[in-house]
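In order of appearance the chains are A, B, C, D, E and F, and numbering begins at 1 in each one.
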Amino acid sequence: MRPSGRTPEQPRDIRLTRNYTRHAEGSVLVEFGDTKVICTASVENKVPPFLRGEGKGWVTAEYGMLPRSTGSRMGREAARGKQGGRTVEIQRLIGRSLRAAVDMEALGEHTITIDCDVIQADGGTRTAAITGGCVALVDALNHLVATKRLKKSPLKQMVAAVSVGIYKGTPVVDLDYLEDSEAETDMNVIMTDQGGFIEIQGTAEAAPFVQDELNSMLALAKQGIEKLFVLQKDALEG
Amino acid sequence: MRPSGRTPEQPRDIRLTRNYTRHAEGSVLVEFGDTKVICTASVENKVPPFLRGEGKGWVTAEYGMLPRSTGSRMGREAARGKQGGRTVEIQRLIGRSLRAAVDMEALGEHTITIDCDVIQADGGTRTAAITGGCVALVDALNHLVATKRLKKSPLKQMVAAVSVGIYKGTPVVDLDYLEDSEAETDMNVIMTDQGGFIEIQGTAEAAPFVQDELNSMLALAKQGIEKLFVLQKDALEG
Amino acid sequence: MRPSGRTPEQPRDIRLTRNYTRHAEGSVLVEFGDTKVICTASVENKVPPFLRGEGKGWVTAEYGMLPRSTGSRMGREAARGKQGGRTVEIQRLIGRSLRAAVDMEALGEHTITIDCDVIQADGGTRTAAITGGCVALVDALNHLVATKRLKKSPLKQMVAAVSVGIYKGTPVVDLDYLEDSEAETDMNVIMTDQGGFIEIQGTAEAAPFVQDELNSMLALAKQGIEKLFVLQKDALEG
Amino acid sequence: MRPSGRTPEQPRDIRLTRNYTRHAEGSVLVEFGDTKVICTASVENKVPPFLRGEGKGWVTAEYGMLPRSTGSRMGREAARGKQGGRTVEIQRLIGRSLRAAVDMEALGEHTITIDCDVIQADGGTRTAAITGGCVALVDALNHLVATKRLKKSPLKQMVAAVSVGIYKGTPVVDLDYLEDSEAETDMNVIMTDQGGFIEIQGTAEAAPFVQDELNSMLALAKQGIEKLFVLQKDALEG
Amino acid sequence: MRPSGRTPEQPRDIRLTRNYTRHAEGSVLVEFGDTKVICTASVENKVPPFLRGEGKGWVTAEYGMLPRSTGSRMGREAARGKQGGRTVEIQRLIGRSLRAAVDMEALGEHTITIDCDVIQADGGTRTAAITGGCVALVDALNHLVATKRLKKSPLKQMVAAVSVGIYKGTPVVDLDYLEDSEAETDMNVIMTDQGGFIEIQGTAEAAPFVQDELNSMLALAKQGIEKLFVLQKDALEG
Amino acid sequence: MRPSGRTPEQPRDIRLTRNYTRHAEGSVLVEFGDTKVICTASVENKVPPFLRGEGKGWVTAEYGMLPRSTGSRMGREAARGKQGGRTVEIQRLIGRSLRAAVDMEALGEHTITIDCDVIQADGGTRTAAITGGCVALVDALNHLVATKRLKKSPLKQMVAAVSVGIYKGTPVVDLDYLEDSEAETDMNVIMTDQGGFIEIQGTAEAAPFVQDELNSMLALAKQGIEKLFVLQKDALEG
């Protein structure tokens, strides 16, 4: 079966630790098994140039991996002088996903930056980052209320993400690195707690996939994400 | 309904012009209506470092837009000193998609680079690039056979792509810029001519989408892509 | 004899196609034989910092080659993160040349950027870019009049350019790549339609040249450029 | 006196947690009070170009801060495309200091890279990084022995570091951020467990300092560093 | 014995030539033996963003070496697209040191940039740069008075620097390249003419150093720097 | 009248000081009046990749200006992370010009890099750099002979350069900054001591120029360059 001994529909142990570091308006350590990502939400009283004067806010994300978060050391992007293509692709996905959680009009002229820094990688860093980043985002929105900069939180809905894939012919949820590197198909599914899709990115790594496989994966993903919404809620109420 | 007067399932006029420029092993001008992309395939007798000595080949893609391919002039990426995030994301998608068309073992130690340069943009540049790029790729593979570097073409299957979306509540295929900029949901679907999915990227721009809408969009995409495979075949036989 | 069979004073077939792409205020495909360059002119209602508040306008140029416009693929400058020295040198030449065509006081606080993108190269890309860029520039100036931003066009004079050189001991005009790569001397001559020189750049590639050779080349250039002014006029009246 | 209530010669609570992440040959979380740095040591079987063929090894360091490790968010260096001057200065100091711990001849042709990533900053990140980095380095050296690549550890001596300064006229050890930002003088002292100095960097921030003050600070530093060597030893034996 | 035949406490021949180039508000050629650095001070009527509106001034430094100032040619930093780590470290040291010379409140909203360009290197370029840079700085401050932008010079004190080290077991002052490349310990000492330390940077190159060696080096440094203050004074009065 | 009081055909005082710095194989300070450029020639026993294995040598040039070589401080190119367009254009011109002086076959697999660093600018830096660079080049070639790496110098001919222009309607030679910034036309002429042209770059700054003006300028240039060849010869024999 799965290298970890999990059943196909069983996600890894998932932990959300709020207030993980001290300075940020929101700071969450999210763990999907051995994948560990620090998500911080930082509030600034300004917006990017393309939004100036429109009275709306902005949510954006940046992503990075510590050089030795992975099995062999990767060159440090700051030292190489540019972010790699995978980094750019992932941080754009995180940003788009988390923007769906917020009413930008209600946010007003604030920018919230979600920094997702992987300190240990074992597959699924982008889904962990979205799931943990949303909790950090909620904390930052509540901080705006607590500090009287907003009357009520502009949160529209929670957002969470999970990966699904076809591993040795079987659809499975929340792939770890061993599965991910051998999966025939890998799909990241981002949803709202009201049941809508925010983003679906499915890639055939080894062989094309068909509608039935797609349906199975989406069903697994929905089921897995429901658990994430419970964990997010528990963390925020804890 | 649609600004262009098209029916929901009607793609734009699509043209594939082979041998568009003189130097490349494959050179195709692809037009999806007013979207025009020059796709060239260049063959090199070497592979990237991570493949050296493995006897396998590689297919990769680069994407660019002429500064005034769009309604207002964009800064030239070469002058700004870096490729933007959107560019990186798109060229990675094109590369992944076109790799699915080729048997890398059979390609041997050659790299084929597909350059997709947008000379006029009206929505759907990435799907046009994949669809046209696949034809340029086939020409380059055939060139390897014609020049006796390979015995037979390592082509596994044709690959094509089309966008679908929800525009004013209705699923439509092959969105132009006017539709794209107002669509609630935008999805790029990449398939093989044998009916499998290579990649699905669906993004809720304005509101989350649900399973039914996903199904409608996928059905439209399949239907639209079938037309593309006919056009690719005609072009290659023409 | 010349590889193309042309006589020494015979330029290649030259074509100027206006309105080549849809978005730009001026858009011209210029062809000097197999050399093909898309020249677009983009108008912005602002000037660079060094001109702010002076009531004058600015004309500038950028130059690029598609990676496979040449016989073997060149690395994409955007991907390498910088423009090469040749690119910089050429775009500065184009900018200087085209500024000579315009009365900057009369242009007022507008910037016109001429983008010259080579889609197929066969020698003489910079002279083609200047000749075609000037037509795109005229269209953009007329657009400013048509949109009531200027009362009359600030065009002072037409500008065109041709290369001359010493090929196998004989002065020839409008060198193609085969000639250019073997010429003893290569000179680019940029003139106005009133007969003045805007720029002369002559380089001894293989052996120094003498005054007599210089005089012969300049005579050929003048004669060749006169044809270009006719073609520009025809295109603009066509 | 001190904002934290500490006595002048009292360092903060210091913790060294080995095996903090899973992949690296050495991985230590070092905490100097609220300053938290992840130090990983990565082994590669090669040396930089300037050492090739000399049979010697190399130890180097890289340093980074998570964007929100500080009170207000700093721009991500990878996104800005370069490491700042402070980063470069610190990582050079860490590298020089840790090279003093190792017999490069005995290390043979291996490179050990110490990555020091600050996840929370409260002053003294460079001294924490050196102190924790040395423990990660020892683990990596022992890993080379355990995996039979070396017969015995090439460790020459332990290295640790502490800051001292003049705060409101009084010499104090291990300054936190509040003290550091107001100190008249700030000095970083790096020593070996055999009592020698590896590096001294003292900077007059507000007013020049004199020999007596220097002597007081060095005495405090020696005393503080002795405690660090005990903690390093405990961690390595724990 | 020292390679140059100097006694341990004997600095090289030191020359300070004011008004070395014509354009700068302060321009000094400083020579420490064969080490030659052009130091210019440039005044601007503005301050960096972090000081805007505070009514205070700023002093900063930049450092560079001509590519062939050294025994073998170094790559030009402008061509490589970044300043190396050593350059950054040195220019930060020069800037910090020279800021100690000036009363920033009295300077008002002016920035003085000290450019230190090494035209010939033979060890000690940073100490020469600080010593010569301070003279250029004084000239620039006096220029502000002469041009009526300030009522009196905001100079607080003179600053000078010298290197000391342990060469073959003996403490020596003002090391040249031959000594520097073999010294066991190398220390740069920056002081004010009122006897205070501005910065001490001591590095054990080969073996750790002890308190006694430190004391000997500091004594040598003080003695050497006193000579520098005399030379600075002579130059400024000359 | 010329601002300097010179007659139209009178160049500035020109000085060539050999062995200006100590390390380079050729080192010349060239002064054209107040324009001062350090030209060094560095020899390496290798060639660029495109020449490997061809048995031929290479001559190349780099150009830079000290930030305060000019009336107001220019940003340091190394700090900005790229060389400006003007710099690139000039160093390409210097390299092309000096390559004409050397028989590359006879040079064998050596690269000579001419670094031209402007320490004070007053117009004509590129012509000064070529004229002084050629002397440094000759010294480097002779050094190859003196160190027995070549049997005889591969020098083919001397190369020198001067600017000419139309200033207030009169053709003048060797323009200083005051003239240069107001000249109607500016031309750089590079010749060999055997009377051939290596490069001519003439630019109409304010108004187009005609054949007669071109002829007058070339005549002035020839006359001026003859003086330079005498000065080069004197310097090399001095």
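As a convention for this text, a residue touches a chain if its C-beta (ideal position, glycine included) is under 8 Å from a C-beta of that chain, and two chains touch if they have at least 3 such contacts.
If you're wondering where the values come from, they're calculated on a predicted model, not measured in any experiment.
Chemist: Measuring centre to centre with C-alpha atoms, which chain is farthest from chain A?
Modeler: Comparing chain centres, F lies farthest from chain A.
Chemist: From the C-alpha centre of chain C to that of chain E, how far is it in Å?
Modeler: Measuring from centre to centre gives 50 Å for this pair.
Chemist: Between chain C and chain F, what is the separation of their C-alpha centroids in Å?
Modeler: Result: the chain centres lie 28 Å from each other.
Chemist: So the centre of each chain is just the mean of its C-alpha atoms; given that, what is the distance between chain A and chain F in Å?
Modeler: Each chain reduced to its C-alpha mean, chain A and chain F end up 58 Å apart.
Chemist: Going by the touch rule set out above, which residues of chain D reach two or more other chains?
Modeler: 81-82, in rising order.
Chemist: Would you mind giving the ring's chain order, read from chain D onward, with chain E coming straight after?
Modeler: D, E, F, C, B, A
Chemist: What does chain D use to touch chain E in their complex?
Modeler: So the residues of chain D in touch with chain E come to 82, 85-86, 88-89, 91-92, 96, 100, 187, 191-192, 194-204, 207-211, 214, 218.
Chemist: Of all residues in chain E, which touch chain F in the complex?
Modeler: 21-24, 27, 34, 36, 38, 40, 42, 44, 62, 64, 66-73, 76-79, 81-83, 87, 113, 115, 117, 119-121
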